[in-house]
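Each of the two complexes below includes chain A, the first together with chain B, the second together with chain C.
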Partner chain A sequence: MTKIDPDQIKVILATDCGSTTTKAILIQYVDGEYRQTHRGEAPTTVEKPFADVTMGVVNSVTEIGELAGRQLVGDDGRIITPATDTAGCDIYISTSSAGGGLQMMVAGVIAEMTAASAKRAALGAGSIVMDVIAANDGRRPHDQIQRIRDLRPDMILISGGTDGGTADKVVQISELVAPAKPQPRFGSDYSMPIIYAGNKDARDAVSEVFSEGGFDLQIVDNLRPVLERENLGPARDKIHDIFLEHVMAQAPGYDKLMGWTGAPIMPTPGAVGDILQTVARIQDINVVGVDIGGATTDVFSVFDKTFNRTVSANLGMSYSISNVCAEATMPNVLRWVPFDMNERELRNHVKNKMIRPTTIPQTKEALMFEQAVAREALRLAYKQHKEFATTLKGVQQQRTVGDTFSQQTSGQTIVNNMALDLLVASGGVLSHAPRMHQTAMMLIDAFEPEGVTMLAKDSIFMMPHLGVLSSVHAKAAEQVFDRDCLVYLGTSVCAAGQPKPGKLCFKYELTGDKTDSGEITGGEMSLLPLDQGETGTITLSPARGINLGEGPGKKVQRTVHGGTVGLILDGRGRPLALPEDRSSCQSTVQKWLNALEVYVEEAQAVGV
Partner chain B sequence: MAKAYTPGLLVTQHKKHRIMRRLPIAGEVRVQEGDQVSADNIVAETNLPGDVHPINLANQMSLPPADVVSCMLKKEGEPIALDEPLAQSKGLFGMFKTIVHSRFEGTVETVSPVTGQVIVRGAPLPVQVRAYISGKVVSVAPGEGCEIETDVAYVQGIFGVGGETHGTIRVVGTSHDQDLTPDLVTPDMEGCIVIGGARMTIEAIKKAQEIKVAAIISGGIDDQDLKQLLGYDLGVAITGREELGITVIVTEGFGEISMAERTFAMLHDFEGQDASVNGATQIRAGVMRPEIIVPLNSPPASDKNKKFEEGQLETGRQLRVIRDPWFGMIGTVSGLPTEPHVLGSGSKARVLEVTFPSGEKAIVPRANVELIEE
Partner chain C sequence: MTRALVLLLALLVSLPSVTRGQVVTLAGPTDVFAEDVPDDIGGQVLVKWSLSSEDHLAADGSRPINGYAIYRKVVPSALALESGAEAAAGPGELGFADDFDYEANQPVGTVPYSVSQFLDENVEPDVAYMYGIAATGPGGTYSPVSSAAAPVIAKMEYINQGKLWFFIIMMIISIVIVYFVFYAKRGGKIKVRPIAGLEAVTEAVGRSTEMGKPVLFVPGILDINDIQTVAGITVLSNVARTAAQYDAELKVPTARSLVMTTARETVEAAYLGEGRPDAYNEDNIYYLTDEQFGYTAGVQGAMVREKPAACFYMGAFYAESLILAETANSIGAIQIAGTAMPSQLPFFVAACDYTLIGEEFFAASAYLSNDPEQLGSLKGQDLGKVIAAFLLILGCLLATLATVVPASKPIRVAELYIKNNVLGEDGLVPNELKIAVLDGELNRLMEADQDAQPAIQEGGN
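For the complex of A and B:
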């Protein structure tokens, strides 16, 4: 790939090759800034009978070309570069999750320490982690070996031990992996790549273990050189290299596609993580992003510059909907539904959605039920994320007398809802909700943001494209993210603490593009108009024990931004508790839905 | 004009069906191109590497790992029997020796001087691949497997549990909308493929299990009955490896739902014939649906001309609604409006008009119908 001069890039073409659709966007330099101008979509063509990913890419790009009046595909069937006034683009980039994305197994010595760091490296690189093997994971060695044999990962990451520490434990883990002879997912003539990122003193012994048996061992710097510090970069870069050289090369047509791109193809979730990190860094904010799909839910967070990603396998809205209901339990799902439903019929309905995942809710009741399931899927996924995104475990802390009452153990979650500035939603149930008020309400109910938080959604699932763009042109990526990628829903102001029902929770005074003032009582929600592009300053005076960002009972002043929904005031308290009595729960939820205008008839409907 | 496509389950009186029978790892293919095979014939076999048993001898003998190698009574590559001495410590002045006996039978694969760990690999595990359907071997991939082709009648189900099996078709009940209840399952059905009409009850499945029925097939099943059968709530529809002693297939879905009349009538026509069935279902990338395959002794003289193109949504086509509020109902496409409509849910979607046998018409999202393929 040739060196790119960002100043020379005026036309950018980006694709995301998903499992089912290939989505293309065109970004152009217009009036002094980068804007996303056109988009195209076509079925992905990785599977037979086509078995060539470039066909779907060309189809989606051709659609953009027709819309933009710009020839992007040449007579030779390749994307035209560089751009002229009427044809081609300056750079073409792509992400991919086709064929199930990148699937890895990771191993480490201690589950909470080196194995957790290895998992973080794999997830950060955009992988699905199929299993984590650790010396203390509670399984007997032969069970661990059996598990390794059953998995068919694309590659394996092994870590363990700090540099200079004892070597035998990590060698022991290697000795479990080698005889299991794990088979790669694609191609029998493909050597299983093993990345070793553990104690550097064990490298020779680990090399010896993997010297036979058809492994492709790659050694990188220890990802946990000392207990107090992670060094995930080298392992993550090596994962990307192997993804390109081995995994992608096995997928039909990717060798051709890699010849077209001006930057390495990235796994889709890895690219989403990159753009969120870029935005968090440039704007100096804390961000949480969520992508809820049919099978899995990805949660990304950047708190105090630390990035974390989790994939909740089997928490999704179609293939995994039955699992969501089983994990969350049906009463927890139904607490969000303000009317009675026949539970037996619902259970059958959930299973029918599982086996016919492409159906859509036709009635309002079906939609409300599906959105109730989404709240629980998001809540569970975020809970898993909070448990994973922690400070490093195993780090010794120095105690002083002053710490006697405030000392915290290592491994505390770094997710802090009160410090969260921006919450970004993507995925069908959130992005395609008939009203954005529904999206906002699902986010608030599931994530329970505290204090003042901006809510947004990814307009057309553009974050993957912008993630890979951020690696070659951060400025363009950030401009398009801000102007075209996000649809701002508005700002939520949520009280933490346990306000008394009906009693004052907080007073507010809004000045700026809109003015308003009033009181929110415990258990109440309210929606104030504040449109897209409008801003204001809100002054909040919480009641005793209620925290809105500056501590219990302390006054807060913040700038708030409007959006398609507006300014949401939430006096329900945190953690959010719903009445246990079913009928009182129904009336309470209905009151909240009414206050936020969540389900409002907007047009003449057909069907029911 | 643009064509609209929607997926459908295949139910056909005749198709040429070809299946690949593949070994999990390289082995021996026992048939040749042109051979006629029956469902039970073994077409390929191999040995999977045996189970691996790690033994930490350094710990057990209280020795430094590096000393373990010199204490081994069995070297790498040597076979070892159960309870046979595996290693012996040098002791003190030739006395107080510790002997470790093997708790596993197999071969000593590795002895690690770094960790003092010994790996014993168990006996190879034989794997046999059977033909699954009766037919002709049309190609052989040496060391990998073979392809078998035959003329069949074919029914794709929507969901199933349990793997491949075969048996004689026995249709119970009198109509496609009659529930499959235990009184319809009788002891003479051992090894058979029992076909019912509407919902199968858990009592009927349990009785079929007791009688050792090979497979039980019907229109629907209740979620709670499935949970009771499996012993857990199925979270993701990836099935086929359950060891229930019976394969269970539903052709339409969960709940009170009847088998499509045409499917029931077709299976009824095959009463007494051998069929192969597989409940394996996978509803993620690379969709796999359960199947009922009836090999035909001779294909029908001529296939009737297909009225419609496969998967294409056209006026006059028969379909099933697969989502509430008309879930399970079968009707005919009577209109294909091009403009998206606003649904009761508030979403905008492309729709079609369906006319039910009663004459009632309904507007349904195109995503919520399934063509009945012929």
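For the complex of A and C:
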């Protein structure tokens, strides 16, 4: 791929080849800024009978070309580059999650240390981690070998030991993998790629272990050279390389597609992570993103420039909906529903959704139930994310006598809802909710943001495209992300602490494009109008023990941005607690839903 | 000759109060009364009397009475039972004879002048004693022995009424402990605050495994009879289990041979429990020396040579604490310390990654084992601490209020009750005598106030 001057890029074509749909967007330089102008989609054609992913790409791009009045596909069936005034694009980029995306197995010596780092590297590169093998995972060697044999990963990442640290244990782990002879998913002539990113002193021994048996061993720098520092970059880059060279090369049509793209094809989740990191870096903010799908829920976070991604494999809205109900328990799901529901009917509804994933709710009650399930799926996924996104374990601490009564272990979560600036939602149940208010309410209930947080949703799931674009043109990616990718729902102002019901929680005074003032009591929610593009300055005076960002009881002043929903004031306190009693819970939830106009009919909402 | 004999006889007759070289010239004490001390095991008798009429300073500054001698004799129990009847008629045959030999009979005790009671702590239970008191003066002068009104029998009481509050509090704590033990056994959840130092054990051992370095465990410098060493061995068991799971090398240098033996057995059991008897190496648990600094030097040498990635200090430590902690810090080891030695805690806190402080160290066993009996016991003890803290705060509050509002009877009585009944030995019922004294004091205060009132009014006018 030739190096492209970012300043010369005016027309960008990007596709995301999903398992079922290939989505294409066109980004153009309009009036001094990059904007997403058109989008199109077509069924993915990676499976038989087509067995050529480029067919779906061409179909989706052709749709865009027709909409934009611009010829993007040439007579030879290829995407036209570079752009002219009426045809082609300057750069074509793509992501892919077709065929289940990138599936990996990782191994390390200690589950919470090098194995956790390996998992972070794999997840950060956009893969699904099928299993983590570690010396202390509680399984006997024969069980571990059987598990490795049963899995069919696209590649394996082995780490372990600091540089100069243990070599024996790393070799032992390698000796579990080698005899298991795991078979790759694609291609019988495909050598299983093994990435070794462990103790450099053990490289020779590990190489010897994998010298036979048809493995393709790739050695990169240790991802934990010392326990105090992670070095995930080389392992992530190698995962991307192997994804392109081995995994993609085996998938039908990808060899052709790779010849078209102006930047390496990236796994879809990896690209989403990249755009969130880019935005967090450029705007100097903390971001959490979520993509809730049918089978899995991906959570991405960037706190203090540290990126983390988790995939909750069994939390989703169709294939995994039964698991969500089982894990969260039905009473926890139903607490979000403000009326009685027949549990038997609900179970039928859940199973129906599982076996017919494309079913959409037909009644308001069904919609409310589905969104209740979504709240629990998101809550559980975020909980898993918090447990995974931690500081490094096994690190030496520096203490003073002042720490006598406040000692904390390492490995504390770095997810801090009070420091969260932007919460981005994507995925069917969030993106396609009938009202934006429903999306906002689901986000607030599930993620429990604290203080002042901007809420947004990725309306057409454009983040993967922008993620790969950020690798070639960060400015364009950031501009499109800000202007076209995100639909801003508004700003939430949420009190942390336990306000007393009916007593003052905080006072507010809004100035700017809209002015208002008043009080929020404990357990109350309120919605103030603040439209898209409007901003204001809000001054908050919390009651004693209530924190809105500056500490308990301390006054806060923030700039707030409007959105399609408005400014949401939440006096329910954190952690969010719903009444135990069912009828009391129903009336409380109904009160909140009414306050935020969550299920108000559109006709009423616009005052028609 | 005859006249001389008559004169000698007359002289002898005229000296009836001089018996066997002792001069009985002083006035004796009166109202002698002996009583059994209540709420004891029957080993004490309290004797009281009214002072002799001569127990005061004479005009020339001298004292006719130096003190009092307390005499005791055993009387038959049967006679003692009749003493009530005899008391009215005088001591009779139970009392002390007029020709009492003061020198042949050693007193059971003496007290100086102006003291009117004596506690005899050397009596046998269920034996009847008759007490007699004689005033003693300078030059071997005595008063006649004043006998007690009645004999006394010291009785053993099965319940010490004075410590009933102690008993009640103990019962509450015991019941709570038993309740929580059963509660935990039934599957109830007992929350124990996360203790960072114990949570970090897996982390420290994991670090050793990743770095390919040993784990060093120092169980203190005292012998196995010290409770801190025992607590340290409990933690060692957990560390050894984790080391077996993580396949880390564990080294335990000891300063006492018995500690070494105990540590070996503990570690071996832990490895066996984890199914890794092959990984247990007896030679890794070794004895260095009993000498404090010889041991310290030995451990330091091991640290510098082998550079362990994790060091545990669990037990009793003295001056070697900072030497060890600083040395391990210089080699980059994670350090976890636990001790109940207050003087060493600041050093450990400053130099180590994690420190178990006093109670945390002793709670480690319950925390690590998750054993319902230990957890229930821990919870019950916590309640005991809460009760103690509550009484402490209440006592301080009442004492402060009693000083600020001295005329308030309820506050004064409550303070008195906390001090003398709950924390003291007055039993459940408030001591009437002390209440009467308090009433008197309060009356005086009120009178003083009333006297002061007109003066203030006058002054105000």
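Operating definition for what follows: the second predicted complex is superposed on the first by the 602 of 608 C-alpha atoms of A that agree within 3 Å, B and C clash if a C-alpha of one lies under 4 Å from a C-alpha of the other, contacts with A are read in each partner's own complex, and residues count from 1 in each chain.
In this text, contacts are C-beta pairs under 8 Å (C-beta built on N, C-alpha and C of every residue); 3 or more make two chains touch, one makes a residue touch a chain.
Everything quoted here is computed from the prediction, not taken from an experiment.
Of the two partner chains placed by the overlay, neither chain B nor chain C lies in contact with A:Ser60.
Looking at the shared chain after the overlay, A:Met113 reaches chain C, while chain B stays out of its contact range. In the superposed model, A:Thr162 makes contact with chain C only, not with chain B. Once chain A of one complex is fitted onto chain A of the other, the partner contacts of A:Gln36 are absent, as it touches neither chain B nor chain C. Ranked by how many residues of chain A each touches, chain B and chain C are led by B.
Of the two partner chains, neither chain B nor chain C is touched by A:Gln479. Shared interface residues of chain A, touching chain B in one complex and chain C in the other, are 167-168. By the touch rule above, chain C contacts chain A in their complex via residues 194, 196-197, 199-200, 202-204, 206-207, 209-213, 245-247, 332-334, 345-346, 349-355, 357. Touching chain A in their complex are the following residues of chain B: 7, 25, 49, 51-54, 65, 109-110, 112, 114-115, 117, 119, 121, 158-159, 222-224, 226, 233-237, 253-255, 281, 283-286, 322-325, 327, 341-349, 351, 362-365, 367-368, 370. Considering their complex, residues 19, 47, 99-100, 141-142, 145-146, 167-168, 171-172, 175-176, 179-181, 183, 205, 208-209, 295, 314, 319-320, 322-323, 326-327, 344-345, 347-364, 366-367, 432, 434-435, 599, 601-608 of chain A touch chain B.
Of all residues in chain A, those touching chain C in their complex are 109-110, 112-114, 135-136, 160-162, 164-169, 224, 227, 393-394, 396-397, 399-401, 403-404, 407-411.
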